[in-house]
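The two complexes that follow have subunit A in common; it is paired with subunit B in the first and with subunit C in the second.
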Partner chain A sequence: MLGLQILIDGFAISSLYALGAIGFTLIFGVSGVLNLSHGAIMVVAAVIAWWVGGFGSGPYLGALAGVAASLACAFFTYRVIVRPIQNSRAIPREEKEIFVLTATLLWGIMLQEATAYFFTNNPKTVRPLVEGVIMILGVRTPLNEILTALLSWIAIGLLYLLVNRTRTGKSLLAASMNPRGLTLLGFELSSIYVLVWAIYGVLAGIAGVLLGAFLGVSSDNAGVLTASAFSIVVLGGLGSVSGSLIAAYVVGYLETMTAYLVNPSIRTVPVLLLLVAVVYVRPQGLLGRR
Partner chain B sequence: MRISSGTIVLGLALAAPAALAADPIKIGVIAETSAISGVGIPNAAKMAAEEINAAGGVNGRPIEIVDYDDHNSAVDAVRAFQRAAQQDKVSAVIASYISEVVLALEPWAGRLKMPLITPGAASNEITKRVHDDYDHLKYVFHGYLASTQIADVVCEAGKSLMVGDLHAKTSVIMSEDAAWTIPLDEEYLKCLPAAGIKVLDHIRLSPDTTDFTPIFNKIEGEKPDVIVTGISHVGVQPTVQWQQQQVPIPMYGVSSQATNSTFWKDTNGATDGVIFNMFSAPDVAVTPKTIPFAKAYQAKYGNLPGYAAYTSYDDVYMWADAIRKAGSTDPDKIVEAMEKTEYVGTIGHIEFLPKDNTFAHGMRIGPGYITGLMVQWQKGNPVTVWPANVASGKMTFPEFIKLPQ
Partner chain C sequence: MTRVLLIVLPALLVMALLPLGVGGYILGLLTLGYYYAVFAMSWDLLFGFAGEVNFGPSFLIGVGAYTAALLNHYWLWPIPVCLAAGAVAAVAAGAVLAVPALRLTGPYFGLVTLVAVLLLQNVLVLFAGITGGEIGLDLPDVLAIDENTNYYYALAFMTVSGGILFGLSRSPVGLILQASGQDAIEAAALGFNVAKHKLTAFCISAFFSGLAGAMLIFYLGTASVGTVVDIAVGVNVIIAAVLGGRRTIIGAAVGAIFLIGAGEILRPLGQLSTFVVSAVALIVILFFPGGFMGRLLQAGGRE
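Moving on, here comes the complex of A and B:
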């Protein structure tokens, strides 16, 4: 009974983690950017979905608005924060990564504070798309929890199809392997970057809205959400999408087991210990290439 | 230059309360303004100051509220407190609803001889320190109830609501790990059994918890008749998850975030059926001042006041009265006058306990003073369900709750 409960709850949270981390790792893989405003963008998506949904427009319109807000944030992050640094001649090439890191971190804090200012830092919960519970072999499971896992996997599946089955998607993959070669073939790298940020915006938006409906989100969570995506991505191997998926399940189940079997107050501790161990023993992560 | 009649009228209006041209008496307000309960503290204080000024001020001087955002951090609060005392020269301070923050400010109130009152922190330690070191810390007043007193109100109400009406026999205590819940839980463990409710388990959860599923799961496995809460830092998330997972056990006790009128919207209505403790509510005339204040606050700020807004409003009036009686802003004289407070505020008849009481400078509770209410969220409205003589409705629960047989 408890085992099944852990299996179900762990699956839902892990799927959500996977969705949240996959965009983060995609951007790193394709354009080498570690976007530390990730958590804040997820928070914005959730809070806007809550806000728009609160006008009686229903959960679907709210969710759409949340994803749109996340997309807008992602474009803004790329155009106004990241690209000027990448194109700058004043910043030496080898320092650009650290500049992008710092800039996205500060931008994330600005987004977080702005959300707290306009919407307070009280947690918000997005109205779930479906209400009610269902019994799975005696475990009472909210339908919304099942939908969360399902939607996460649909989004991940669509991304898989896009990357592996379409020409545009394949150019993304190529950019992550050899950006120079791609430009030599006549592809415009900047349009590929715009595309990857757009995909990222949609994925982070869906993850934010689902998280807002599943557990609720406060602007205070921004840092933790970035850290959790970061841990998953480091564990899975920076830039490796399949590594991130596996790592998301390792993290999700480890946390859930800790919460159920040991103590909910220390649910993130074993993951952090594991992360330290991975950095020692296998710094490239589970499936990392670098 | 052409002087319009409007300018003259404006000029006359400004000149009319001539007294108010005098130097203002400043009161510092330190709170976490990005939280909905927190921003109620400066909001309500400003309302009180405007009313006092409209009535002529204090000793011919207007009251000016100087507010500081402490971002819920003790370090920021101490810095704001020092600035208030040394640079902005305030005469008294109203600060925070977080016990950890107030406990950090307390020694500074002593060092800087700055009168301080908290409108919402609950730790017993605040008044215990005043009792233990009165000469240094006499500047500190407790404008909210101590955790032990709050637990007593919850247990007292539990006798009639939980044992009497619901026939509850067992409970699990679910509290967040914070300074204010240590004495709260200690008292719960004593007073719940005395009220006829056996405590099956006592769960202290981390205020950082976001997923409460394992906690509710564990509680449900123990089959209590009621979950007795002690939560303030958390609120929206456990409430929403309780409803989404359809945990069939009523939640009853202290849930500070539930005292805000925005709580219904923040939880998308998941709070339906939650019962929480308050000392004043917008639907009950605890005193003749309660309802007019709640209405005026709602008209001005768009939402009903949270718990710390009622007390913050009263605190400005009490400081103003103390300064008026003291005839000066000398801190020792203010303290002396404040100790003699007999004030009917929005939360009841307020008197401070003497220095030999263990709750020195805490408020006197009991019939005729401050009694407390239990309020339940019902279909979007907070409805007072206890005590019976002021209740505006009966308890009802959402369908997924299975009441004890």
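Moving on, here comes the complex of A and C:
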């Protein structure tokens, strides 16, 4: 009974983690950027979905608005913050990484504070797309929890098809392997980056809205969300999408098991210890390439 | 070098004379700013020179602060002994963290240091019965009750630490560190032990961070997660160092004092103050990547 509960809850939360982390790893894989405003963008998506949904326009319109807001944030992050740093001549190349990290971190804090200012930092629960509960072998499961896992996997599946089955997607893959080779073949690298950030915006938006409906979101969560995406991505191997998926399930189940079987207040500790161990023993992560 | 002294000495003189002219409120603020300045300068030694991005300065600060706090709270050890113990503990913790972590590079090193902070925070909250948890641990002793005395303690501490760190950064050791940060393979090929130098830098950074953390809590009278361990503390330290101008040491101090001051001046804006400070820092980073002191003090003279 408890085992089944852990299995179901863990699955839902892990799917959500996977969706949240996959955009993060995609950006790193293709353009080498670690976007530390990730958590804040997810929070913005959830809060906008909550706000628009609250006007009686229904949960669907709200969810759509949330994803749109996240897309807008992602575009802004790329055009106004990441690209100017990458193109800057004043910043030496070996320091671009730390500048992107610091700048996206600051931008994330700005988004977080602006959200807190306009919508307060009280936790907000987005109205779920579907209501009601069903019993799975005696475990009360909200339908929304099932929908969360389902939608996460649909989004991940669509991303997989896009990357592996379409011409545009293959150019993304090529950009992650050899950007210079791609430009030699006549592809415009900057339009590929814009596309990656657009995909990222949609994925982070969906993840944010689903998280808001599943667990509720407060602007204070932004840092924790970024940290968990970062840990999952490093655990799985930076830039490896399938590694991130596996890592998301490891993290999700480890956290759920700790919360149910040991003590909810230390739910993140085993994950952190595992992370340190993996980084020391195998720095490239579970499926990462050197 | 003379240009640096020409700027720093008058500034120090003004700071030393400040208690004659301004009230206790501003002095209290600056006292806090000076401790932050030491945090930021220690961080800059590691990042600006050794090229290692330490996302967890508050791990070193927190270990130093809580070691001193626990010794003082439970065993009533005198303050100087507690400060020394805090600094030693921070160096030990820094070495434990650095020896394996320095094998890693870039984002991996950053993540390990970040995780160290999260673990420390979890441990402190988990053993709340001993450490006071989120509420904090009150200390029976304080540095001084008088504002002026506290101010001079902080100013003297910042000046001495800043002098040592700056001197170190301009010494041959600093140059080797800079070389290892920019091109570790070439530095090693020239016969320098890169790992040893980076470890030394980490330990020095840890020493001053831990000592400053311990001083800070004896000034505040309590040790709490929010003031010395929280990720937000580390983020502020990093922003201060980059804002003031990386690889300058003194810039980090300027950035830290600016950050503390700006946060206070903008307090009437309420919640928006953090937003404005972050926006200012972001604009500086985007348009003046050298920071406040970049042009003035850049050690490499790149400009």
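Just so it is clear, the second predicted complex is superposed on the first by the 290 of 290 C-alpha atoms of A that agree within 3 Å, B and C clash if a C-alpha of one lies under 4 Å from a C-alpha of the other, contacts with A are read in each partner's own complex, and residues count from 1 in each chain.
The working rule: contacts are C-beta pairs under 8 Å (C-beta built on N, C-alpha and C of every residue); 3 or more make two chains touch, one makes a residue touch a chain.
Since the structure is predicted, the reported quantities are computational estimates derived from the model, not experimental observations.
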item: Subunit B versus subunit C as contact partner of A:Leu151, first or second or both or neither; value: neither
item: Contacts of A:Met42 with subunit B and subunit C, given as first, second, both or neither; value: neither
item: Contacts of A:Gln5 with subunit B and subunit C, given as first, second, both or neither; value: first
item: Dominant toucher of subunit A (residue count), subunit B or subunit C; value: C
item: Subunit B versus subunit C as contact partner of A:Val33, first or second or both or neither; value: neither
item: Partner chain in contact with A:Ala90 - subunit B first, subunit C second, else both or neither; value: second
item: Touching partner for A:Ala259 - first (subunit B), second (subunit C), both, neither; value: first
item: Which superposed partner A:Pro123 touches (first subunit B, second subunit C, both, neither); value: first
item: Which superposed partner A:Ile109 touches (first subunit B, second subunit C, both, neither); value: second
item: Where subunit A meets both subunit C and subunit B, residue numbers; value: 116-117, 265
item: Touch list for subunit B against partner subunit A, complex; value: 34-36, 39, 177, 204-206, 208-215, 217, 235-237, 240-241, 244-246, 257, 260, 262, 265-268, 270
item: Interface residues, subunit C side, partner subunit A - complex; value: 47, 51, 53, 100, 103-104, 106-108, 110-112, 114-115, 118-119, 122, 125-126, 182, 231-232, 235, 238-239, 242, 246, 271-272, 274-275, 278-279, 281-282, 285-286, 289-290, 302
item: In the complex with subunit C, residue positions of subunit A that touch it; value: 34, 81, 84-85, 88, 90-92, 94-95, 97-99, 101-103, 105-107, 109-110, 113-114, 116-117, 223, 227, 230-231, 234, 238, 265-266, 268-269, 272-273, 275-276, 279-280, 283
item: Touching residues (chain side subunit A, partner subunit B) in the complex; value: 5, 9, 13, 54, 116-117, 120-128, 131, 133, 140, 142, 144-145, 215-216, 218-219, 221, 224, 256, 259-260, 264-265, 267
